[in-house]
Amino acid sequence: MSHLPVLPIVLPAALAAFILMTMRHHLELQRIFSIAGSVALTAIAALLVARASDGQVHVYELGDWPAPFGIALALDRLSAMMVALTALLLLAVTLYAVGAGWDARGRHFHALLQFQAMGVCGAFLTADAFNLFVFFEILLIASYGLMIHAGGAERLRAGFQYVAYNLLGSTLFLFAMGALYAATGTLNMADLGVRIAQLPAEHAALARAGAALLILVFAVKAAALPVHFWLPGAYAAAPGPSAAMFAILTKVGVYAILRMRATAFPESAPALAGLSEAWLLPAALATALIGAAGVLGARGMARLAAFGTIASVGTLLIAAALFTPQSAAAALYYMPHSTLAAAVMFLAADMVTERRGDAIAPGPRMAHHALVAAVFFLGAVALAGLPPLSGFLGKLMIMDAARGHERVAWIWGVILVASLITLMGLARAGSDVFWRPAEGEGRAENREQDEDDAAAGPGPAAPAQPSAALTFVAAFALLAALAALTVLAGPAMRYADAAVAQLFDAGAYADAVLRRP
Amino acid sequence: MRLIRALFPHPTLSLLLTAVWVAMANTFTINSLVLGAMLGVAIPIFTRAYWPDRPRLRSPLRVAEYAAVVLWDIVMANIAVARLVLFRRNADLRPAWIAVPLDLRHPEAITALAGTITMTPGTVSCDVSSEGRALLVHCLHAPDPDAVRDEIKQRYERRLMEIFE
Amino acid sequence: MSQAAEILIAASLAVGGVFGLVGSYGLIKLPNLVMRLHAPTKATTLGVGGVLIASMLHSWFALGRFSVHELLITMFLFLTAPVTAHFIAKAHIHRRLSARDLPAPQVDRGWATLERPEDGSPDGDPGEKAEGAQPGGGN
Amino acid sequence: MSLFLIAALPFLGAVLPALLVRASRNAAAGTAAGATALALIGVLTHAPAVMRGEVPMARAPWVPSLGLNANLMLDGLGLLFALLILGIGLLIILYARFYLTRRDPMGKFYALLLLFQGAMLGIVLSDNILMLLIFWELTSLSSFLLIGYWNHLPEGRQGARMALTVTGAGGLAMIAGALLLGQAAGSMELSDIIARREAVQASELYLPALILILAGCFAKSAQFPFHFWLPHAMAAPTPVSAYLHSATMVKAGLFLMARLWPALAGTDAWFLLAASVGLITMVLGAVTALFKDDLKGLLAYSTVSHLGLVTFLLGLGTPAGAVAAVFHIINHATFKAALFMTAGIVDHETGTRDIRRLGGLAAFMPVTFLIGAVAALSMAGVPPLNGFLSKEMMLHEAAHTAWLGSELALPVLAGLAALFSAAYSFRFVAHVFLGKPRLAHAEPPHDPVVWFWLPPAILASLTVLIGLFPQSMAGELVRAAAGAVTAGAAPEIKLKLWHGVNEALMISAAALAGGAAALALHGPLARVWAVVAPPAAKRAFDALVGAATAAARRLTDALHDGDFGRSAAIFSVFAAGLGAWAWTAGGAAPLGAFPAALGPTPPIPLIGWVCLVTATLTLTALHRHRLLALVLIGVTGLMVSLTFSYFSAPDLALTQISVEVVSIILLLLALNFMPRETPRESSAARRARDLAAAAAAGLGVGAAIYAILVGDFAFAPISEFHLANSKTGGGGENVVNVILVDFRGFDTFGEITVLGIAAVLIYALTETIMAGPVRARLLNRRPAEPQAGDAHPMMMVVATRVLMPIALTVAVYIFLRGHNAPGGGFIAGLIVSVAFVMQYMASGFSWAAARQRYPYHAFIGLGVLVAAATGMGAWFNGKPFLTSDFGYVKLPGLEKFELATAALFDLGVFLTVLGAVLLALESLARYAWRPNIASAHPMDIDPTRDEAAQREEGR
Amino acid sequence: MIALALDFAFACFGAAMLMNMWVVAAGRTVEDRILALDTMVINAIALLILHGIWAGTAVFFEAAMIIAMLGFVSTVAYARFILRGNIIE
Amino acid sequence: MELLFASAVGLLTACGIYLILRRRSFPVIIGLSLLSYAVNLFLFASGRLAVNRPPLLHEGAAGYTDPIPQALVLTAIVISFGMTAVIVMIALSDHLTSRDDRVDAPAGGAADDGVEAPAAQEDAR
């Protein structure tokens, strides 16, 4: 009996609880344990990937109850990959938060971060739809804590909206769950798929509505138009490292869309044919465009990163909406890229904000912060999907996958136009922030003014930076991962193809989860 | 002695809790009695800090007598007040506020009195005085408020004095 | 089940129902809050009481099951109802009455609710123990 | 040397200067030059083979599924460009070492330059069109950084952004074009695409692919109407201009046209697009160049014009045109790079690039003059310099081609372009080096050090040598390159200076004469030009970008303006709409007959319904009165809990009641700090909108639940298993509880985690708030309304003294019985919490908390750990997480007890719930805390205390 | 006979509930509404017990007991809010 | 009875949504509470309703109602309780920090300092 699949959930949970219990007042200890926990999670994730690479769906039946009656975890290539991505991001974010001293600006940052990881990993591993809801709630509530960490008026207001909007989302999740249970009498994703495929026509309407609304819930998490409104304010107001960690949250939504469409809502089922793509694709296209427009129009670095996230999620959702094996593989390749790129961008935004404020406007020049500029520039390259980083390959793959689709012109057009607009926006921001001197820069009174602002404003000025080097280590680690994703695109794509083949083989998944012979 | 006091900070409470447990279990078995007794010991120890001074109940017998009197009064008063509510026009009611000076001093005793007053229909204890030496009682229909005050003092306070002080 | 038991149960139910109804009717009928305050006492005492007795009797006689746990409900109601009435009355006094509307307590300077503290507790000695007892300090 | 290594060398070379940021300038230049030279040597080692017609390859799969492979090849065309890139690159590196001043970070410059060089080299070596695209975009990026190298200047920043935008946009078009082309050809390998001309041109994708690819090429090579970015890129340091904007980057578009020539050229569409755009660009650039007073501006437009010339030649689609194009690419690179460097020297030595302020420099800077003059005359097409040769070839082709049905149009327009070309070239010489000196210099300008003028001198001498000995100097290279461009269809060419008197020579002569005349008339012509000049494309571009930015900002600001109500309304309506659509889209949506499953409605549920509906509607109507809203929601909560009871869910009823109490406490605590009333601030229209959204959601939910209730499960629900196995497998009769702690214990594990996180979050938030300015504000806060006396009434205190122990007893009961009867750890936790709340309400938080021995954090942590440890306990049995076990224990004298590990798990639940609720309440209480509200006594009024005090006094 | 008496009791407490609801919805003062809510809670306890008698089961006992034990906490909290603003000072 | 139940749940939803769309945090929280009642009842009813069939195993039971939705609703109640506590605290902290209890963020949401400009404007200087 291998307990590996449950470790990514239990380890962070136990660690967080342990931190709460024994080291509430020892930040240094918290840091040590938090980093050690992240490293351990990364190691576990590596083992999971290795384990999943045998092509089997590894099922872990919690409480030793067979699915669909008990809750099962299912480890396959896709979930292993997502857990690995989470672990990597967690490690970088932890290092950054320690380096930037963000964890000292409020209480319990590390515990919340570990809980966040628990929720995300659980969402990736569970094979039970209601259990997915529970993990959504865990990751959400941890994200609420990380979002409002360190307080401040703007952050709290944005936090309220973030929480309220997501509570609406969670409510919708339950409505959808209720409808699905009422129609099928089951909660397990594989079992849902099996039952929906055989659903009599008179029950189809309920299942359709439930399925559509559940996909909508995931679209909310993914921040697809028109249910993306929660993201810009929240992510922009969140502390940099929190926002960077949140880069994985939108992907949880996309993951869930992929997983559910493959496993629980098979398009082959007569009840569900063509249900998702009909609205998901237009929504994805609009998301990509609005994200790009937001990047171009952004007034602040954090908002720029937030809209960049939306833009890249839009692109990702296009692939998820098409839902062919090829497009799904492209989505799986683009997923880590989009996550890491958004995270880098949030870290870059935080680095800039810490040094000159958030506004994309003339200010103290950043010309001497070459490393920050490098992080921003490389992050921007990644986010805009320019070569040489993986975003370019990902977009190519998605476009390639859209070939032959009846709306290929729209899809290509939107991807390319959104790229251009994003590029323009990032170029504008980069040149304004890093190149453009403030009007009358160097005058004494101006500097005094700045200091006053810093003293009055929330955040930046307060704690001493324990280690700027660590922040750069974190940022460059993420960039290195992006570079690796580019260089190793071939193997990555092979993995993605295999993962998609496994994902689309709903029968094998159901055989494993439901212990069918 | 100190040990006993430490183990049974509120012996009456311990008994009460045991009784509550047995009643809740709704079966009079050894199991429930033992478990109830264990809780009757454990919980008062656990909550001792919240009930710092120990009121002494002089005589359990008096308690029973008091309870009987109160229950009887409740039934009687209920009927009386029901008649007032149902059959008397509001305009014919003679509500009154009365101040009941207290001889009781223990908060537990005063509370018991106030509770009794409230639970017997027709009177509600509404407030205590600033030093806790009088109760403010409202009567639904009291043509003679002083009589009500005297009856409260006679019928309830006197008995409570015997129980508590 | 004996006829007597049945009659007893039915009577308890009837008594409970009547007093329950009268209690809530009084709430509508009586003209002001302190007077209305008298009404629910009937529901808590004889109203619910009648029903609880009926329930116990029903368990014993109809279902053959020993049952006393209904007594706990009565106990809780007897413990809590005076407190709620007390608090509602205090709220009413605080909101709508003044010392002139009430008889003087005579033995003391006034009624507790109407004592307007300057700031917070009338309980004197601020500060000194306060610091040690600050909540959250130890957590 | 492997092509991979050659392609990698510039990138490796880029890393070294970047690391040498703080090292000496010479070190940076040296490493850059070394890498470039090494790569050049590498290319040269392959040259003989390429000349022989071989095509060295290096192949490595990258993303085969996409058709993207790291395949490199070096054919004649690639060789030509590689030599240009690396050769001129070497000269530029040398030149830049003396051009840049001490204030310019040298390491950064060379790093970027080599980055660009590597990207450029990658383009010309790629055998895979997607690979080429990657390098293509990389040139845009690196040129962005190079143009913006002097980023303190606004021109630098704007020029960089404009170049990036235009070439980036072109690049994106290219992506689409390349994908289409690959699809049409059935391969992404360039060698395959070139070989499949028929397939490509027959494909319906040909035209879109052609348009998109040409758009990319035109943008990169500054062809009309995308040409405007190039002059603005002149904000770059001159070495950058000389490199990127004469010899390399702008040639990338031409390179690609040449590269794809075999596959794409030869059709009418190709001719019409490429030749026309080239022609227009050639003429427009030439005319504009004449009237540019900025030395680099003149050169920039001349570059535009010459790029147009090459485009035109390629666009002709004839092998001869291709040969001429290739030859002119070489020639233009030599003379234009030399000219840029000359301009840079002039700028460097005189401090200005304004032609109007220059003149007579020949006397002070003879060497520079010589170099500039030779290069400029080559550009003018004066024999025997190399520019003359390729221009003749162009004119020859023009004279023999019809355009838009006219035989005359091409020769005339080409001649006109040649004329202006001659004119601005002459102007470059005449107005800068000849005539009177116009600058008053304290110190007269002079020729720079030899290393500074050597690079342009080498290039200038090349123009002479190629002009004089074309075949021996360039013949082989042109043959090889042209052979690659035309896929072997190039005529057997022999480059020579003298072709005899033909149309081309006549046009050329006329153009030179006309050019001289135009220069003589420069003043009047310039005044005419000022009137007729086409509007600056830059202004249109800026307006466009500005409008786009403003529109983007307006759109996103308006949509994301922080109006929560609108976004929530959109969410509700969209969800309702989507649900309704999904419901109906499948066609049949039968609701079934009117139900009888639950039978006719008895009066009691009806009364419950009336209460629920009345309370909810009243609450909604009167919600502004916040306390009242809380009272009303208490009714709603009570009714919901009764509903659960009625429909056989006692556990839910219990939970609902307990949660309700704690929630109301929480809300009341919060309301204490908030306004008591909600102001009336929604317009009627907004209220109508909100009502509509609410109605949509309500109708949707109501319809759905109705449909559910009148229908039945399509399959047996999984709960049959739970009912059947609860007792035997889970050891409990309360199936709901067994599901919670056993069958689906993992949900519960997650659920208590949520609760724990909630409390931790609240605690952290309170700590943060209380560490800030809010603390002082709270301490100075006056109560919103007058407070009553007697904060801790005696009756409450005494009632609590009795009730709290009883409540704990009840909680233990509920906890232990939960497995078999309604109850469980969660409800027990809530009951204990409420018991503590009672205590807090009675005697105040401070008094009660001072008697609290255990930190709430520990409860939460312990709870989660106990639950997790219980789960992990199963591991030692070789069972999965949370596998439960149970058994019956018989103690002497007692009946048997059931012991289940699930109870331990439930204990974890209990602890977490307790800790969470109390931590949250404690945090809230901290907001209200003020030094003077802490009480030393459990109750405010206590006669025994007074008497004790009096006794104390009396003694 | 018991069934009849049960119906009678249901009717009485049901009607009582409606009267309470009336006061909660339209009471003159907040204190009135709080009082009515408190009464409603008591009537709910009675209804639960009646339902238990009708169904011949004890499963509603816990709910009734918890309501009886905890219901007063929110009533006190409302009143304390009126009295002091801060309910757990 | 189905109609009663459905209309009540629908009404709770509608009133919840209406309150959520108000512009102050307090009604929003109340609205969320109503909405959570609605969704709990909805989820509860997804197992279909039954009177006097509690899922407590005992001899001679006529049948049991579906226990799964009850377990799900219990989880949902607990979670939504935690969420309510959190949003209450955030609303309160927001109110204390920014001294108003509006829900809407100040216009733009982003730092509004220094409206700068696209290239065209910069050029004009």
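In this document, chain identifiers A, B, C, D, E and F correspond to the written order of the chains, with residue numbering beginning at 1 in each.
FYI, contacts are C-beta pairs under 8 Å (C-beta built on N, C-alpha and C of every residue); 3 or more make two chains touch, one makes a residue touch a chain.
Note that the structure is predicted; figures quoted are calculated from it, not measured.
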Which other chains touch subunit A while also touching subunit F? D
From the C-alpha centres, identify the chain that is farthest from subunit D. B
Roughly how many whole angstrom separate the Cα centroids of subunit A and subunit E? 48
Centre-of-Cα separation between subunit B and subunit A, whole angstrom: 61
Using mean CA coordinates as chain centres, what's the gap between subunit A and subunit D in Å? 14
What are the residues of subunit C that contact at least two other chains? 18, 25, 37, 39, 44, 67, 69, 72, 76, 79-83, 86-87, 90-94, 112-113, 115, 120-121, 139
When you check subunit E against every other chain, which residues touch at least two of them? 10-11, 17, 34, 58-59, 65, 69, 71, 76, 78, 80, 82-83, 89
Residues in subunit F with touches to at least two other chains are numbered 20, 25, 28, 40, 42, 45-48, 52, 54, 56, 68, 72, 75, 79, 82-83, 86, 90-91, 93, 97, 103, 105-106, 108-109, 118, 122
Touching residues of subunit B toward subunit C in the complex: what are they? 20, 23-24, 26-28, 74-75, 78, 81-82, 85-86, 90, 93, 95, 97-99, 101-102, 111, 114-115, 117-134, 136, 138, 140
For a test of understanding, state which residues of subunit E touch subunit C in their complex under the given definition. 1-2, 4-6, 8-13, 15-17, 19-20, 22-23, 29, 31-32, 34-36, 38-39, 42-43, 45-46, 49-50, 52-53, 56, 58, 61, 64-65, 68-69, 71-72, 75-76, 78-80, 82-83, 89
Residues of subunit B touching subunit D in their complex? 10, 13, 16-17, 20-21, 24-25, 29-31, 34, 39, 43-44, 46-47, 49-53, 102, 104-108, 110-111, 114-115, 128, 130-133
Residue positions on subunit F within touch of subunit D in the complex are 1-30, 33-34, 37-38, 40-42, 44-58, 64-68, 70-75, 77-79, 81-86, 88-93, 95-97, 101, 103-109, 117-123, 125
Report the residues of subunit E in contact with subunit F in the complex, numbered from low to high. 55, 57, 59
